[in-house]
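After this come two complexes, each holding chain A, first together with chain B and then together with chain C.
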Partner chain A sequence: MKFDAAAFKLTDLNSVQVRSLGIGVLGLLLTVVGYFTKTEQFFFSYLTAYLFWVSIALGALFLVLLFHLTGTVWGVTLRRILETLMKVLPYMAIFFIPVLLGAHHLYEWSHVDVVAADPILSKKTSYLNITFFAIRTAFYFTVWYLIAAKLYKTSLAMDGGAKPEHIKTLKKVSAPGMIIFALTTTFASFDWIMSLYPHWYSTIFGLYFFSGGLVGTLTLVIVIGLYMNKRGAMDSVITVEHYHDLAKFTFGFIIFWGYMGFSQYLLIWYANIPEETIFYLDRWRGTWPIITMTVVLGHFLIPFVGLLSRNSKRNYTYLKYMSIFILIMHWVDIFWLVIPVLHTSGVRFCIFDFTAMAGIGGIFMWLFWKQLGKHAAVPMGDPKFEESLKHHNP
Partner chain B sequence: MKSGKIEGVIAEFENPAALIDAAEKMRDSEYTRFDCHSPFPIHGMDKAMGEKRSVLGWIVAPVAFLMVLVGFLFEGWTSTIAYPLVISGKPLFSYQAYGAVAFALMVLTSAGTALFGMLALNKLPRFHHPVFYSDRFAKVTDDAFFVSIEAKDAKFDEKETVEFLKSIGGREIELLIADD
Partner chain C sequence: MSVSVQETAATTVFEEPPLIGGKPTFSSITEKISGIVEGKTKKAWFVLFGLASSLALILFGSIGFLFYEGIGIWGINNPVGWGWAIVNFVFWVGIGHAGTLISAVLFIFRQKWRTSINRFAEAMTLFAVICALVFPGIHVGRVWMAYFMFPIPNQMQMWPNFRSPLLWDVFAVGTYFTVSLMFWYTGLIPDLATLRDRAKARFRKIMFGIFSLGWRGGNKQWKNYELAYLLLAGLSTPLVLSVHSVVSTDFATSVIPGWHSTIFPPYFVAGAIFSGFAMVLTLAIIARKIYGLEHILTIRHFEKMNMVIMVTGMMVGYAYSMEFFIAWYSGNEYETFTFLNRAFGQYAWAYWIMISCNVLIPQLFWFKKIRTNIPAMFIISIFVNIGMWFERFVITVTSLANDFLPSSWDYFSPTIFDISMLVGSFGLFFSLFLLFIRFLPMVSMAEIKGVLPQADPHYYKKHE
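Moving on, here comes the complex of A and B:
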């Protein structure tokens, strides 16, 4: 990996691309073995990994929208990385095909006989049926593609010299884009995760899914940035001040995630309605309390205390390991949401959980590095870019 | 008129850049009880003056951690020992519900600690300061930039300090004389 500091372009990305693609293809091939040996497990493992990477791409889309809406200065130098992550989101539509094909293994509501015998589920058939499920997902990805493509294209156009119209376009797309993003992400989380337990409902669930994903995005950007800096790339454009702010955001959204998780829990605990409490009851059976407590401690308490002080946000080595830890915890969180439907009696990890993660992750990162190498790695034409480089935390 | 005790000395500087420059020279000198005054905040002044990071965070953090614990235990004590009351069939020690109160108590006390700690560390409130002996000093709220050195400084000497301020580019140097 080399960085052309004059054109702000990354070159010699071959090795990282080949490595990502290799891990991706190998992971996916190994996961396919699971389809033939443990079909149910395969689909659940795949869904967990899929949701992890989609949530990260969605978090990137959110941050780009947020940056344009608020006119942020500090984050401009990081924006191309986020835009590239966002650009990978439409490709994730292709990876949804196995979920759609395996809907019968994943979603209880897809069984006509079960639904017919259940008075609650039979009333939900107009929403929860395979055709509408597929149409909705196609709609989400189309909308996300349109927003992401327009933002990316306009940002690239600014590289050759920014015009006031560019900034106007970006704001014009971002404002309604943010509202559409909120609604589509909420409904996507309802469809993909909440409908795994078709009786259960939680209106805050969309925010819970989104906030976890956003933490994942921020920590992944920290890891990617440090990975590049270590190889002598981008260290002139991403400085300790930018990592400090990324870590602040991570800290903030760790609290936001905890707030969402606790709000959901407290209301369900307090109301004590069987349809709702079943969600937490399932996660308190057998050995599941271990994972439940891991999520509480690892996804909230440890990062909260661990990122509290200023020095912890500015120490590269510490920040790297903390970010990797939070990323792992984000995966554990998704695992905690999805897998109890399959393994009701206790926690069971499976090799395919990890191969699916490596498989989709490898392809995801391959697409990311490929896209990042195509254009300048920073939005160098943005009027706020120079100011962003000089950003300084008091 | 010049009978009172000398409590310090002030010097005027032309613009913010000159003030920053002077602050750096003050920091590198042996004077410790000096301050810079300007009508508006100047970026980089903390660094130029060699100000250390505030210790306030280290005061607020223990208070926050202590009070979140106190809030939790306090609610546990009221609902199990002091006034046991069954609410919607839940156990007496329903720790799930204590989070909100414990959190609120933590926020309240740490915000209070931050506010009053900040005032205490800034030695506020105070009603008088030697710089007010100078009439010219009123300009500091409008268009003037001052450096002040207090007489309490170990290195303070009526003549030497004035010379020093002159050497770093100070103008209109004025001794702050009590009851002036």
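Moving on, here comes the complex of A and C:
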């Protein structure tokens, strides 16, 4: 990997691209074995991995929208990385096909006979049916694609010299874009995760899914940034000040995630209504408490304490390991949401959990590096770019 | 590596006008703000204070009668055991939130425009919380037992129920009030010292001297002060979220349809910020006019506040729609009924007032013309205040009035005392607020000076 500091362009990305693609293809091939040996497990592992990567791409979309709306200064230099992650989001629609094909294995509501025998589920058939489920997902990806494409294109156009119209366009797309993002992400989380338990419901669930994904995005950006810096790329444009602010955001959204998770848990525990408590009871059966407590400690308490001090946010080595830890915990969180539906009696990890992660992740990162290499790696034409480089935390 | 980026045409888009209008200097700011406190009392102030304090007297009179007669003087009935008193409590606690958000959260987000509004928004927080605390206090029925809300050891070995959200409220709101007061006071110290130094009368000098805690404005004092301010901002930030979250659990921990919803904590917080900003806006527009603060509270400040109102209004709208959708999606007939009943039942009028004022009307702020038009935003801010009061009314009353047992259903109608106490609480709030702007600097002089162009160490070199 080389960095052309004059044009802000990354070159010689071949090795990282080939490695990502290799891991991706190998991972997917190994995962396909799962389809023939353990079909159910295959689909659940796949869904977990899929949700992990989609949630990160969605978080990137959110941050780009947020940056345009708030007129951030410090974040400008990081925006192209986020935009590239966001650009990968539409490709994830293709990876949804296996989920759709496996809907019968994943979603209880797709069984007509089960639904017919259940008075509650038969009330929901107008929403929970395969056709509408597919249409909704297609709709989500279409609007995400439209928003992402417009934002990316306009941002690229600014590289050759920003015009006031560009900035106006970006703001004009972002404001309604944010509203659409909020609603589509919420309903996507209802469709893809909440409906795994067709009886269960929680009004905060969309926010829970979103906040977890956002933490994943922030930490992934930290990891990618440090990875490039270590290879001598981008170290002049992403400085310790930017990592400090990224880590602050991570810290903030760790708390936000904890707030969402705790609100949901407290209210369900307190009211003690069977159709709601089932969600937590299933995660307290057999060996599941280990994972439940891991989520609480690893996704909230440890990062909370671990990112509290100023030094912890500015020490590269420490920050790298903390970010990787949080990313793993984000996966554990998704695992904790999805897998108890399959393995009700206790935790069971399967090789396909990891191969699916590597498979989708490899392809995801391959698409990311390929896209990042195509254009300048920073929005160098942005009027606030220079100010962003000089950003300094008091 | 040196980085050079060419100046482009787009640079101008971001060139924002200075935060403070006119040609301010450090001394002109001091003169202006201190002048309000030191000058003669304006006639308008006397008129407003007379009006507000009369209303406050109505509140005290009503409370006196309530103590004599009991809470039966309200319109509460069976099953609507929580009426306007609880609605008012939640409403006032919510109003308070903008102060802490502006002073703490915006401070952490490095939003310099907060400096013009933070002082009186914080004062508003304190007064709103005082108004809020009146209501649960008088709702207990036996007021002489109100101390029992606190975990005071007693010889009967009886303790409050720590599992009750009503007790959490006491702690949450109590902590909130204490920290807000400390934060507000810490911010006041440099300004109090300024007033002390300018005071001519002896008594005035002594009083401000005591409260400014020996502030001399030295380098070391500023260093400590800024650290303390940052730490208090850090402490206050979780409180912005926790207080209204706890208030929301008063409802959400129950099993009553329409109350038990997991989105309640963030939903209440968004609503609180929404209503609080509307109230700050209402007060700021009036104060700015009366005291000629147009150059300190500029249209830019108002525009940013209007954007916050619009965004939080949409968050509230998001929560309304999630509740409605999940009520249907749950397949639970009681949930479904409650929400249909809210929209089309006996309280439909209240529900649609809530939706129009909170979700529809703030959408007008999409237009820059309306966002920067003072009369328009004043009217919208009033609508938001009305809408947020009705939100709490809809939540509290509709879920209780039509409970699980149709034979016990009833309709809540307020009595004269419900109305007198609501109106009276506004009187109390405005009385306290008017006293504040008469005796203390309503804008933070020290912080305003920090955002002036002159605060840049290189300013004078550049402008020689």
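Methods note: the second predicted complex is superposed on the first by the 394 of 394 C-alpha atoms of A that agree within 3 Å, B and C clash if a C-alpha of one lies under 4 Å from a C-alpha of the other, contacts with A are read in each partner's own complex, and residues count from 1 in each chain.
Here is the rule we use: contacts are C-beta pairs under 8 Å (C-beta built on N, C-alpha and C of every residue); 3 or more make two chains touch, one makes a residue touch a chain.
What you see is a predicted model, and the numbers here were worked out from it, not measured in a lab.
Enquirer: Counting only touches as set out at the top, which of chain B and chain C does A:M158 meet: first, second, both, neither?
Expert: Second partner only.
Enquirer: Does chain B (first) or chain C (second) touch A:Y270, or do both, or does neither?
Expert: Both chain B and chain C are touched by A:Y270.
Enquirer: Output check: A:E386 vs chain B and chain C. Expected answer is one of first, second, both, neither. What do you get?
Expert: A:E386 sits against chain C, while chain B stays out of touch.
Enquirer: So, A:C350: does it touch chain B (first), chain C (second), both, or neither?
Expert: It touches nothing on chain B or chain C.
Enquirer: Can you tell me whether chain B or chain C touches more residues on chain A?
Expert: C
Enquirer: Applying the document's definition of touch, where does A:S309 land relative to chain B and chain C: first, second, both, or neither?
Expert: After superposing on A, A:S309 lies in contact with chain B but is clear of chain C.
Enquirer: Would you check which partner chain A:S236 touches, where first means chain B only, second means chain C only, and both and neither mean what they say?
Expert: The answer is second: A:S236 touches chain C but not chain B.
Enquirer: Could you list which residues of chain A make contact with chain B in one structure and with chain C in the other?
Expert: 266, 270, 272
Enquirer: Sort out for me which residues of chain C touch chain A in the complex.
Expert: For chain C paired with chain A, touching residues are 1, 3-6, 8-14, 238, 241, 245, 249, 252-255, 260-266, 314, 318-319, 322-323, 326, 329-332, 366.
Enquirer: Okay, in this complex, where on chain A does chain C touch?
Expert: Within the complex, chain A contacts chain C at residues 5, 71, 120-121, 123-124, 127, 158, 161-164, 166-168, 175, 179, 182-183, 186, 190, 199, 201-207, 236-237, 255, 259-260, 263-264, 266-268, 270-273, 275, 380-381, 383-386, 389.
Enquirer: Going by the contact rule set out above, which residues of chain B touch chain A in the complex?
Expert: Touch list, chain B to chain A: 46, 53, 57, 61, 88-89, 96-97, 99-100.
Enquirer: Going by the contact rule set out above, which residues of chain A touch chain B in the complex?
Expert: Touching chain B from chain A are residues 262, 265-266, 269-270, 272, 308-310, 394.
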